[in-house]
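In the two complexes that follow, chain A is the common piece, with chain B as its partner first and chain C second.
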Partner chain A sequence: MATLNLKQVEKTYANGYKAIHGINLEISDGEFAVLVGPSGCGKSTLLRMIAGLETISDGEISIGDRVVNTVAPADRDIAMVFQNYALYPHMSNYANMAYGLKNRGYNKDEIDRRVREAGTILQLTELLDRKPRQLSGGQRQRVAMGRAIVREPKAFLFDEPLSNLDAKLRVDMRLEIKNLQQRLGTTSVYVTHDQVEAMTLADRLIVMNGGVAEQIGSPIDIYNTPATRFVAGFIGSPSMNFLDGRVSNDRSHVVLTDGTRLALDHNVAENRDVVVGVRPEHLSITTPTESSIAAKVRITESLGAETLVYLTFGSKNEAITLRMQGTHTYAAGDELTLYSNPSQIHLFDQASGRRI
Partner chain B sequence: MKRVQFGHSPVPYLFVAPQIIIIAIFFLWPAAQAVHQSFLLEDAFGMSSQFVWFRNFEDVLSSPSWLKSAGFTVVFSTLVAVLSIAISLFLAVRADEVIRGAKVYKTLLMWGYAVAPPVAGLLGIMLFNPLMGDLYILFNKMGLDFNHIQNGNDATFVVVLIAVWKQVSVNFIFFLSGLQGIPKSVTEAATLDCKSPERRFWTITFPLLAPTTFFLMVINLTYAFFETFGIIDVSTKGAPGGATATLVYKVYVDGFLGADMGGSSAQSVLLMIMVSVLTVFQFRFIERKVHY
Partner chain C sequence: MYQSKWRSLTNHVILILGSLFMIMPVWIAFASSTHTREFLFQNGLQFLPGGHFFENYGKILFDQSATKGRVTALQMLFNSMVLGLGFAIGKVIISMMAAYAIVYFRFRLAMPLFWVIFATLLLPLEVRIVPSYEVVAKLGLLNSYTGLILPLIASATGTFFFRQFYRSVPDELLEAARLDGAGPWRFFIDILVPLSVTMIAAIFIIMFVVGWNQYLWPLLMTTDDQLYTIVIGIKQVYNSLYEGGQIPQFPKAFALTIMASIPPVLVVVIFQRMFVRGLVETEK
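What follows is the complex of A and B.
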């Protein structure tokens, strides 16, 4: 177990494409860090750089107190779990787990003890003699985790380990991974594009976009105070609503494109062009007031416990999503009046996307 | 057991008919002819024949030249199969690692595939021509006293070299696609589990290529047995003194040049039996061990 330190880490490919633009990150001992972002944001590249599967173009990565930039992957004392399991198909599950230990010169008894122990933890005891192809997807991923656990490494690296599983299994495995990590207390870095996975697993969330860490923080902090418009839109499902607007002269309101005025309690310069962000779950239906939005229903999705209403607003047909508890039915074209508490309104700079 | 019953439509038979006809005309019929003829003793002009039971087989099996040819075939086939598999595996692994200009390497290495065996044989005798062959001159300048016209071992070297060169490109294609069929993440997982690249090759890559290797072994042995005919016919013609005549080549020489149809047929029946036994052996005892 160890801390993981990234200092100004950069990755430039041979063709000149810059995948990672100087990332600084300190993951403390036993912490569960999750890298989340859309495809192509560089999250997997960063993980692979920590693993040693990609070279580091600039900056420094250290595991524990050791800089590992030029250390071979096998010597970095990390273990990785891959999206497609990456088990050795010609070996039994037992041999799959034992392989890394065998190559590191552990004696047979020690290997056997560790593999059996991991087998018990992951409920694989009955399956150890079988080959990977005889297992289901979930079981294979457990073997892959077993292969990581037996090594007792300084850090676990997870590269979208649940993406190949079906929805139900994904939820179960997510809990299992969380349990396991808390029980073993091993520093972990987890890459995913699924923001639910990210929110539920992370002690610390790193939201990446275009090779840059847009925001680093606890999942709840990021949800409550997203640093940029991108983060605000990426974290939370359904996504936050964004409406263009301009701060009024007296700074008490923001004026939307159709002239609707929303009350503010933000400290913001007058006449500034802003993007107003409101989460679907922070909108509610009210009677028309000074500070309400009138929008037309487009589609309603009933999920039982909650209802998602998709609406359009104003002359530019800006999209708004509303999330309500319980079941409600609206017809397309119905007009609803929406309200949000000023404290739950986020403002972003129109040009830079930064939070105001 | 439940059997699926299809209607008795003749259409399916029409679909398989071309294949059946080809097998019947080009394999079953000649094979039957060969078996029949192997029991006959025919005069040199094919005017009369006599049923002689197993005398042709007795003659063949007690003939020193046939035993010599059988010995050569075993040595030749083993050398060709092992060398061409080993060399092409090495080349495929190296070519798979190349990043810059990978396509050029791969295309160049596959080119040999387009060369017909007799053309390969022709290239071979040109390289070993005693007057102007580059390799012949080079070997003799190195003081090797190389003479494939008179020395059986040197002649064997020449035919093995040509046959291997011709086959390497075929094997290379299969190995390369086999290597590319190994998921990248498996190789990467191995990089994290094992530091030594050699050890990784022998414990992960090679076992994963085992089905390909097995397939190529069967293909290469068949190649060495039968398809090298063209190479031998163009390059050494079995010389010196039958030292480079494979069993197939000897069947041709004895039957078509020597006009001993009965003896030649007996040889080809024996060859058929040998190859069948070899193939059955390969599938029964080796195939099971290579699949994962």
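What follows is the complex of A and C.
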């Protein structure tokens, strides 16, 4: 168990592509950190740099109080779980879990004790003698986790470990991973592009975009106060609605493209061009008022417990999504008036996308 | 149901006829090899075995004078076995290691080297046999097993197949092994080799048969009768069929031929099992 420290870490691939643009990150002992971001943003790259599978072009990574930039992967005392499990197909599950210990020269009894213990924790006891191919996807993923935990490493690294599993199993395994991590108290870094996984697992969430960490914080903080328009749109599902607007002279309103005036309680300069962000779950239907948005229904999706209504707004046909509890039906073309509490309205700078 | 029965019946008839057609010459050779030469000379090729199986085979296996050279068929079979096994095992080992270097190590000239190796595929042995002979002769390796095997041991085909196979092994396996503390050598022995079993069996079969059937190369490399391979022996026996005004040695020639074909058949049968098992095992 250890802290994990990244200082101004950069990665430039051999072909000249710069995948990581200087990331600073401090993960404390026993913390579960989740790297989330769209495909190609550099999550795997960063994780593999921590693992030692990619060289570090610039900056410094330390595990515990040791700088590991030039330390071989095997000597970094970390264990990694891969998306496609990467189990050795010709070895039994037992041998798969024992292999790392064997190479490190542990004696037979100690190996056996650790593998059996991990087998019990992961409910694999009956499956230890089988080969990986004789297991289901979920069981294989457990073996892969077993291989990681028998090593009792300083940190676990997970690269999208659940994305090959079906939806139901994914939820189960997610809970299992969380439980396991809390039980073992091992510092973990987990890569995913599934934001539900990200929100539920993370003690600390790192939202990445284009090789930079756009925001680092607890999931709830990030949800409540996204630092950039990108983060706001990426975290939360369905994603946040964005409408262009301009702050009024008296700074009490923001004027949308069709002239609608939304009440504000932000402290913001007048006449500034902004992007208004409102989450679908923070919109509700009201009777028309001074400060309501009039929008036309396009499609309604009923999910049983909740209903998603997709609407268009104004002359520019800006898209708005509304999330309502329960079942509702609207016909295409119906006109709804929507309202959001000013405290739940986010403002972003139009040019930079930064939160105002 | 009815139709598929008919179809499978016709399929079987065709297959059986085809097999008979292929097996018949071998059978005739075998049956004929168990008669005396006088009988064969008078009555031509035989469909039914005669009563001289042990006599003919025993003589050719153990008696030097039975073959033209001063060497028994047993010795020639042994020589062929050494050549075939050395050839196959050597090629498998060398090409596995060459492919390992090419695929897993980033060194300068890796690609050019690979293409150079690959290009030698285009040159059959016969083309480079004279310089190869020169090299072996200068090294003083004529008339030795080493001289027979060593110059042929590099295999472009084998290297190529192993390379393709290694490239299909997921990178994550290597990475997992690195994290598990396996160095390059451990990774090769513990992971790549077991995963390649199918490939090894396939290459081994092919190379053994190729090695066993070598003719021109051992003919040039050996002048000592004791190093003759069975294929050369057959040629010698057939050459001498009509020499000396005697009744031709047909039964002996046939017996030698039959014996020459048994080891490759055995190798194919045995290794094919491994091959098929490997195919089933590595699936997924």
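The definition used in the following text is that the second predicted complex is superposed on the first by the 356 of 356 C-alpha atoms of A that agree within 3 Å, B and C clash if a C-alpha of one lies under 4 Å from a C-alpha of the other, contacts with A are read in each partner's own complex, and residues count from 1 in each chain.
As a working rule, a residue touches a chain if its C-beta (ideal position, glycine included) is under 8 Å from a C-beta of that chain, and two chains touch if they have at least 3 such contacts.
Since this is a predicted model, take the numbers as computed values, not measurements.
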Margin query: Please determine, from the superposition on chain A, whether chain B and chain C clash or fit.
Written below: clash
Notebook entry, point to check: Regarding the shared-chain residue A:310, is it in contact with chain B (first), chain C (second), both, or neither?
Noted result: neither
Checklist line | Which of chain B and chain C A:78 touches, first, second, both or neither | finding: both
Next item on the list: For A:106, decide between first (touching chain B), second (touching chain C), both and neither.
Entry: neither
Notebook entry, point to check: Which chain A residues come up in both lists, the one for chain B and the one for chain C?
Noted result: 51-53, 72-74, 78-80, 82-84, 86-90, 99-100, 103, 133, 147
Next item on the list: Report the residues of chain B in contact with chain A in the complex, numbered from low to high.
Entry: 183, 185-186, 188-196, 199, 203-204, 207-208, 210, 292
Margin query: Could you list, by residue number, the parts of chain A that touch chain C in their complex?
Written below: 51-53, 72-74, 78-80, 82-84, 86-91, 99-100, 103-104, 133, 147
Margin query: Per the contact definition, I'd like the list of chain C residues that touch chain A in the complex.
Written below: 170, 172-173, 175-182, 186, 190-191, 194-195, 281-284
Item checked: chain B-facing residues of chain A, complex -> 51-53, 72-75, 78-80, 82-90, 99-100, 103, 131, 133, 147
